[in-house]
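Several structures are given next for inspection.
Two complexes come next, and they have one chain in common, chain A, joined by chain B in the first and chain C in the second.
Then we have the complex of A and B:
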């Protein structure tokens, strides 16, 4: 029992693996460091020490303006888009019992794109190639599209209950259909919106501000807390259905609730950040590699890892080819994919060594 | 806690597998279900554990229809281990065995002293204490099966149902698993119900055998009383010569197709 933290008081009792707690603490430190890094570098370099001063003391002239109104909101959006995707992916992989599942595979991201493009189609004035309403309404449409996709997938997969296999197959089909609709909308849409649409599909947090933070933060926090309460259900979901039922779990009800949680998290992220890919797939993978498959370990870690990935990718996106500000999605895929391959190769080698 | 079936008819779609089954599982005994492939013995076991809904009839646990009872309450009285279940390969032994405590836990009570004691007991009983931190992918087939049995033990139920728990195991592990079940029955008075392929092992370990044939119970009772050459021939469609096992004094079948090979 020496490898476990156990806390008990009256009827309350909790357990946590020490090793996982340590790994979680380290990942939190890395996360905080990457946030500070993100606040300190850019067109004007501001030392990390000064950034910390600004954050705690408030006003410090021009630097404070850069940090508080430009870099901080964007960094926080990056952080919470990442945490949402990381958590969403971890939940989904548990629900469908498949480590290859990710929010974009079951159509959440592609349907979000459809929502965003419907917005652009409806509100672009082709005569002067300008939007007839504020671009800030686009997330609403993206969210609606993404969330609708999950409901459609669930309904279509339903046949005296839903099996993980059917969820994935129908999800892939819905995702494909959404891609087709996206193509039609882009091809027939006004020229000006092709770039806007393409940026959105790749995933970008360019120009995000405090409004986005205020939308995303409470949404993420509430869902995160609910997810923590459902952690033990997720652990059971990850076993064979027969075993879960045998343990007395309401498998169908919990599966639906967890799907909705995952979808709500991903939809929030997609609404603000567009089709940022790979985070929902690799954040849970990295977390499992670092700890084990128990969701008490995977959920918090995957959340933080997701945040780190997007924050660092965004730093790269806006500084590497400065003054070009590239969509962050290029880097989550560009850094994420090779890293993913590296992890797979490494674990294969470990297997061959007999570990 | 007694478990029995009354006029149970089971099937998939329009296809009826078992018809009007009335069996009572003897309390604190080892009951083994035997029959040829596809005879419906697994279906019967799963229905008794509320994993499948019957077409008609009911399963009675205690004095209640099992489908009227809250699932979590059932999980405290009856545990089921289905055939070669899946689990994530990088789950640790401890984390899987711990899942057996699910019906007793809630989100605010995740690891009571009782949970801890019973998981320790389950690990101990199955000889897994030393490898509790290993991942499932690192275990042998026999060890993996013991982990699943440990999980059902952690459920702390009076009744344990197991579907082919010795499938794909080497003979050494087969005996190990069955010895463990017999031990649990004899020393802890658990009621054990097992679906088993091997008729000779069934005869050795069962207090009560239920033989299924053509959707009906062909015979049930003490193996010494009911296992005959005719039973083997009818139920398994193979010829047999029955002798007494020199070690356990139970019936032993030597099966053959023809007397010339």
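Then we have the complex of A and C:
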């Protein structure tokens, strides 16, 4: 607590420890390194220096084609899906005051998959199982599904305001119902649905291109900036409700806003990447371990950590079993799940203290 | 028992409780026959009688004998067992939201089954069931530890979130296995949502003794469970070995849930709803709560199974999807009520 940066102006207020700033800088470096790694590894190895040259100097023949049209958009999608999920998870855990909450628990992923399956059901030609419209509309449906679910959850949880408890409980209920609808839609449709739906639910960014980046990037950036403005409120939310009210915060309004922020971020990620799991759960955990539990420190760090996790998982997903291109969700779950259990078992007491 | 308020309808006298139980049994029998007779292939009562007296290879007879009879019996036994499991879990955790589905027990068992099914295809049904028990036990252990159950009583919120997290882990792991093994995926898709369809009599006969023994042990423990639900301190003061009872409950939960999942997959929300319905009808005295749970659970699953044949007729959907959708409003109501932890 010796050395703090303080920046205050109007509604904005940041207090930043030097140590946290250092950790953030290091994680940024790791993030950039993993992006470069992702750009250089693949079917054709392109050295990192060359990648940097390509990025700054533009055209360099065939390699620049690979980097600019295939690897860069995919890597950026991985990055922004990860950052969105990491940030979304950190916000949600703050709002419900519990470190076990994650965007997929309140039904975002399952409802997103209902949206995606509705799209497949509506636009699949039963004769030859071909899509009758562009696959690019699928994210729109997934997003609508995910976002609608959050509104439903909020509405159903409302009883003179919402409490974290009701949000989670109703979220679990809605996500269970969404799962059931998903399986009905799968069974109702042709056999190919099983594979397509399974792929979507596991979470994949295979075949993403610049269009996806253009959709996701502004969405993420806008929400990120709004979140930074509300960081202070998130710190207050994390206190007991009585204290927050006493501090003069309009708890209910801010809780709604923050939850919508978290949901919007996760919905964006889910729309593009499907049900990539555990990122929203473990990124905030790692961040809290690295810094303290002040959200001014946790939010940006969790964002970057989330990005790193997905970028590295995607590298693993497309190279480890080359030429198979596995869904990235398998790796986030495969690494995330055991890691999460380890974290929980190791720091059961610390878990409570952190909050 | 919980802060859900005294149930308004709770019957007082033993006689009225017995009468209602008889009535419910009658309803159970009705649904059982409905399950045998209703479906895509039309059959009537004489077909049913003839199937077991004068069997010809007609399509009606074959359907009744090889398809509908097993699934009706499975629905009956599984529905009853899941409900008892839910009742036990709610008692153990002193928590109105506890149920095998919410606390990850179902997903744990399901993942271990998928794993065994995919990697060890030569295993017989018996071994597969062992895996189911193993998964259920592991899940109970993890969730219970995570939610802080070892240190004392558990808060609903922690328990639910721990359950959801552990459940998510097992589901993801199962997805990994299934992604690798597309063939298994298509085979277990129905089962993974919870389904009583397409299982042979043999599969059921292996678990029936286990389930019956489980129910009987429950009955024998009824008095102690009553004491336990008054609060651990009181129960201890009255001379109850609470640690032993807790262990007994956990073993029962693992066995009953494991056996259910092994046959019918993870069926959602039955284990949550039925104990609440039971308490609503007869209060929380276990002497009555156990038989009521058994009968009500069987009725619920039988009726849901009949419904599953007609929702997107002529295709069938897994009964687990039906219970999940029908149960969601109940779930939400219970969750909204049971907030006081």
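Note that the second predicted complex is superposed on the first by the 333 of 355 C-alpha atoms of A that agree within 3 Å, B and C clash if a C-alpha of one lies under 4 Å from a C-alpha of the other, contacts with A are read in each partner's own complex, and residues count from 1 in each chain.
We take it that a residue touches a chain if its C-beta (ideal position, glycine included) is under 8 Å from a C-beta of that chain, and two chains touch if they have at least 3 such contacts.
Everything numeric in this text was worked out from a predicted model, so none of it was measured.
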| item | value |
| --- | --- |
| Chain B versus chain C as contact partner of A:292, first or second or both or neither | first |
| Partner chain(s) touched by A:8 [first = chain B, second = chain C, both, neither] | first |
| Partner chain(s) touched by A:249 [first = chain B, second = chain C, both, neither] | first |
| Which superposed partner A:319 touches (first chain B, second chain C, both, neither) | neither |
| Dominant toucher of chain A (residue count), chain B or chain C | C |
| Contacts of A:179 with chain B and chain C, given as first, second, both or neither | second |
| Shared contact residues on chain A - chain B and chain C | none |
| Chain B residues touching chain A - in the complex, by the definition given at the top | 46, 49-51, 70-76, 79-82, 85-92, 95-96, 99-100, 102-103, 105, 107-113, 115-116, 133, 135, 138, 151, 155 |
| Complex contacts: residues of chain C adjacent to chain A | 97, 101-102, 142, 145-146, 148, 156-158, 160-162, 164-165, 168-169, 172-173, 175-176, 178-179, 182, 185-186, 189-190, 192-193, 268-269, 311-312, 315-318, 320-322, 324-325, 327-328, 331-332, 335-336, 339, 341 |
| Touching residues on chain A, where the partner in the complex is chain C | 98, 100-102, 104-105, 156-157, 159, 163-166, 168-170, 172-174, 176-177, 179-181, 183-184, 186-188, 191, 194-195, 198-199, 201-202, 277-278, 281, 326-327, 329-330, 333-334, 336-337, 340-341, 344-345, 348 |
| Residues on chain A engaged by chain B in the complex (per definition of touch) | 1, 3, 6, 8, 11-15, 97, 99, 229-232, 235-236, 238-240, 242-243, 245-250, 288, 292-294, 355 |
